[in-house]
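So, here's a batch of structures to check.
Consider the two complexes below, in which chain A is the common component and chain B and chain C are the respective partners.
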Partner chain A sequence: MRKCSLSNSTALFNKIAENATLYIPVDLEKGRVAYKKYADGMKMSDALKTDRSAKDFFFPQTENLMEFKTEGKSIEIIDNRSEAEDFVVFGVRACDVKSLEVLDKVFLAEPVDSYYKNRREHGVIVSMACTRPTETCFCGTFGIDASAPKGDIECYKTDDAFYFNAVTEKGEALLAKLDGVTESSDEKAVNEQKEQIKKVLDKLPLKDLKADEFGADKTDKFFNSPEWKNLSEACLGCGTCTFVCPTCQCYDIKDFKTNKGVQRFRCWDSCMYSDFTKMSAGQPRLTQMERFRQRFMHKLVYFPTNNDGMFSCVGCGRCVAKCPISMNIVKVMKTLGGKNND
Partner chain B sequence: MQKITREALIEKAAALLSEGKVDRVLGWKSGEFSYDVTPAIFNNVEEMQKDFVYGDFSGANFSKYLVKETKKDGKVLIFLKPCDTYSFNQLLTEHRFDREKVYAVGIPCDGMIDENKIKQAVGDGILSIVSESETVKVETLYDGVKELNRADVFSERCLNCKSKKHVAYDELIGEDGLVLDSNRFDEVAKLEKMTADERFAFWQNELSRCIRCNACRDICPACTCEKCVFDNPNSGVENKAAANSFEEKMFHIIRAFHVAGRCTDCGECSRVCPQHIPLHLLNRKFIKDINTFYGDYQAGAEVGSRAPLVNYTKEDIEPSEAVNRGDE
Partner chain C sequence: MTNVKEPLIPTVCVITDIRQDTPDVKTFRVLTLDGKKPFIHKPGQCAMLSMPGVGEALFSITSSPTNTEYVEFSIKKCGCVTSWLHAAEVGQQITVRGPYGNGFPVETEFKGQDMLFIAGGIGLAPVRSVINYVRDNRANYGKVDIVYGSRSKDDLVFYKEIIDEWKNDPTVNVHLTIDREQEGWDGHVGFVPNFVKEVAEKFDEDKKAKTTAVLCGPPIMIKFTLQGLGEIGFNKEQIYTTLELRMKCGIGKCGRCNVGSKYVCKDGPVFRMDQLDALPDEY
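Let's look at the complex of A and B:
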């Protein structure tokens, strides 16, 4: 385990930024928190969560895929991909770290999404244990441990120091480069923090939320539940839940006409939208109830069915905090989840 | 806290349900925490007794739900706070719902709280929020009970409340209030005083956070098109994500133009924005200009009024005057 005193954090960040582009969470005006490209002396936020998740680094909201240039009757196809630069995302919470594992299942399975893979290979995740989880947190429901956040390097921040443990080879390589600004340390302070975190997790209002009723091959059990109607009744059909979600991965591919040709890009799409997956026969889910059901069935049933039981919700609570009508996966699970969640 | 109690509203609903005057109730449903109130349909008094709530987090304006609700059979009871009644009237003016299928009960509002302001003030781990007449007591996981001034955590639209008067109802509970002299145009005036570059930078910063979730549009009582151009692949301007900084602005500015003269300034757009963009300022700029050019006009103040932008009088400002004014 390596340690870096907080008074030395600028030197630490500068050192990381020497070799790669570093992104750290930063406090903005009115309580907003976002990852920003590190510049010398920038102060890291202690906020629990960034407004948008680390997903954006690997699967950005819009991304150019290729260009078509036309001249006369010929079309030139231009692959405008470039090798991603090396980058480090610092301070990613356990839930958001897990979300990348979920996205990997989608984008790194055959056929591999080379755009995502490119970013994934060049990105290093330095996670951060949560000492102050909030009332909307329920990562424990999905077996995520906020006191063991994983990533490439696991990080713990105490009152006076950062503590680092390399988890992957990539993490080891980065940590080795930081030898000059870190020192060897025992695990005492980290073990104390882990104990303290466990105590806090046990006090969270959503600590008893269980996902046991859901999972692989439960489609028949939930698909025709009469509860979907009431649950979805007030849904606006906006895309807030899907766009703040660290695991939502649906996108659309669109063409944009430029003066010289066509720019093909992809952008996030939302199963909540009326024009989602529109095909020649129309949108397969005609009502908002069907769209609403799709999102939660995907997180809790379809995704686990196709991915060895892995849920595609990580309990980060962003949708819980942001939904304009305050309807969310917690309420869905409590309503559908039977007496386990009473 | 709200002076009118949940029990008083349930009692009213119970009477209307048992008399057969209404078949269901559109109301606020309590959630997991003190603040996550959801709009819901209640089919009977038992359901209301279980989950119905009216309190400082019952900010949602239900008027727009009537478009959908009145397509169903039977009559729906809706509770309207004063500012909701303006949206109600505006929707009626635009023939967007069937008035015969609604029983509207006007209820007083003592201002609603913005939970984000509480979160900002007390930090993480809110376990409960108890609102009293002047103060709000917040129990937190980490710092015990914190006491806040209720006025400090009011939502923006309530700080600048434009009216405590109900302009539509079948029946009123409690006493009606007055149209207020609010300071709601102060922020707009500040923006007007900026140089064009400063103003551009202001909006660039605010709108650059937009994630195009469309929540502002989907909650907006003035946005009731059956198919929005931005959702229509055949419109040529369908726009699922802002591909560049121009498109970020285009959506919001076009929307502001589209609701100009119809926006009642209910403030739902800013309330629901997950990125906390002060969208209401765009709409207020239009309202302020309309007031300046055509005399004071409040959309939704009455049903069937001809709004200045869809009316013509000889006294109307010449377009050139308005255009030149922009050069100042």
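Let's look at the complex of A and C:
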């Protein structure tokens, strides 16, 4: 285990930024927290969560896929993919680390999405254990341990120091480069923090939320539940939940005409929108109830069915905090999850 | 990076022939720029066609894999990309990627079976691929019946091929129908579901048992045809259909065509009726 005193954090960040673009969570105005490209002296936020997850680094909200030049009846495809730059995302919480595993299941499954894979290969995740999980947190429901956040390098921040453990080869390589700004340490402080985190986790209001009732092959059990109507009644279909969600990955592909040609880009889309499934031949999900149901059935049943039981929710609580009508996956699970969630 | 294959990046191809099949359906013949077939496919599979700046959309491949020269798409004018295609001329380049989806099990479950093909309107487009595949591998399949209907005689897609080739094939029985009486039409008049029942009712029990039905058309036609086939003793394991949902990626990632735990673009578009029944009713 390596240690870097907090008073030395600027030197640490500068060292990381020497070899790769570094992103750290930063406090912005009006209580917003976002990852920002590190510049000398920048202060890291102590907030529990960034408003948007680390998903953006690997699956950005919009990205150009290719360009076309057209002339008369001819088309030329311009493949302008290039090797991604090496980058480090610092301070990713356990839930968001796990979300990348969920996204991997989609984008790295054959046929592999080369845009995503490129960024995954060049990105290093330095995680951060959660010393102050909050009332909207329920990562434990999905078997995630906020005191063991994983990533490429597992990081703990105490009152006076960062502690690092490399988890993957990529993590080892980065940590080796930081020898000059870190020192060897025992695990005492980290073990104490882990105990402390477990105590906080035990007091969380959602600590008893169970996902056991959901999972693979439970479509018939939940699809026709009369509860969907009540649950979805107030849903505005704004899609906020999907945009702040670290595991939502549905996308749209569209063309944009520029002066020089056509850009084909990909952007996030949402199953909460009526346009998502609308065809000239008809609309298979006519009401918001059906669209609302799709989102939660996908996270709690369909995705686990296709991925060895892995849920497509990591309990980060962003949708709980951001939904304008205070509807969320927790309420859905409590309502449909039967006696386990009384 | 650029030498890594990216499934979303298409190939430039060219339209080499356009045939006006009905007032709103055209069939496009497509080749690579060096005059080859853009891909090898299975009957029932689909491909993404696009015109940069207009959009990309998924279409069923209507030509049979046994056609070694070209692939064809029969496209009804109904939206943005299709309207653009209908205005296109021979020599126009388009982009193609695919083929996508599972296709019909022509080399497994269909082998040795009597085939009953049922289609309504543009629904014949994907079915034509299987019909011609079966005709070109005739020894592998039993008797073939084709029941096809449209609103009017003018809306029967592939009419020339049906009359010149399928009707003249002694190993194939073609049963055509149109919805309403029309001058110059002395064939059957009535809706496809009733006509299918009429045709299949005459099958003896032995033939019914060894028949596989392939069904494609508007949802309402599928619904009543299934009902009719059920009444005369067909079970759901004998009936296959192909679905159409909105798709963007074609490779099971963009999420649009997700129905239950299946992605229509990847796990479909061909489903056996009992498999389809196991999915939520959202297609």
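Just so we're on the same page, the second predicted complex is superposed on the first by the 341 of 342 C-alpha atoms of A that agree within 3 Å, B and C clash if a C-alpha of one lies under 4 Å from a C-alpha of the other, contacts with A are read in each partner's own complex, and residues count from 1 in each chain.
To be clear about the criterion, a contact is a pair of C-beta atoms (placed from the backbone, for glycine too) under 8 Å apart; a residue touches a chain by one contact, two chains touch by 3 or more.
Being a predicted model, the structure only gives us computed values, none of them experimental.
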item: Combined model on chain A: chain C and chain B, fit or clash; value: fit
item: Contacts of A:51 with chain B and chain C, given as first, second, both or neither; value: first
item: Touched partner set for A:320, first chain B, second chain C, both or neither; value: first
item: Touched partner set for A:252, first chain B, second chain C, both or neither; value: both
item: Contacts of A:82 with chain B and chain C, given as first, second, both or neither; value: second
item: Partner chain(s) touched by A:290 [first = chain B, second = chain C, both, neither]; value: second
item: Contacts of A:74 with chain B and chain C, given as first, second, both or neither; value: second
item: Centroid geometry (CA): angle chain B/chain A/chain C, rounded to a multiple of 10 degrees; value: 90
item: Partner chain in contact with A:106 - chain B first, chain C second, else both or neither; value: second
item: First (chain B), second (chain C), both or neither touched by A:269; value: both
item: First (chain B), second (chain C), both or neither touched by A:238; value: first
item: Shortest CA-CA distance in Å separating chain B from chain C in the superposed model; value: 8
item: Overlap of the chain B and chain C footprints on chain A, listed as residue numbers; value: 252, 254, 269, 278
item: Residues of chain A that touch chain B when the two form their complex; value: 30-32, 48, 51-52, 61-62, 132-136, 200, 203-206, 230, 233-234, 236-240, 242-244, 252, 254, 256, 265, 267-270, 273-275, 278, 320, 322, 324-328, 330-331, 334
item: Interfacial residue positions of chain B with respect to chain A in the complex; value: 31-33, 35-41, 60, 65, 116, 119-120, 123-127, 141-142, 209, 211-215, 217-219, 227, 231-233, 238, 240-243, 271-272, 274-276
item: Chain C-touching residues of chain A, taken from the complex the two chains share; value: 65-66, 68, 70, 73-77, 79, 81-84, 106-107, 109, 111-115, 117-118, 217, 219, 223, 249-255, 257, 261-262, 264, 266, 269, 271, 276-282, 284-285, 290, 294, 297-298, 301-302, 305-306
item: Chain A contact footprint on chain C (complex, rising order); value: 1-2, 4-12, 50-56, 78-79, 82, 89, 91-95, 219, 244-246, 248-249, 251-256, 258-261, 279-280, 282-283
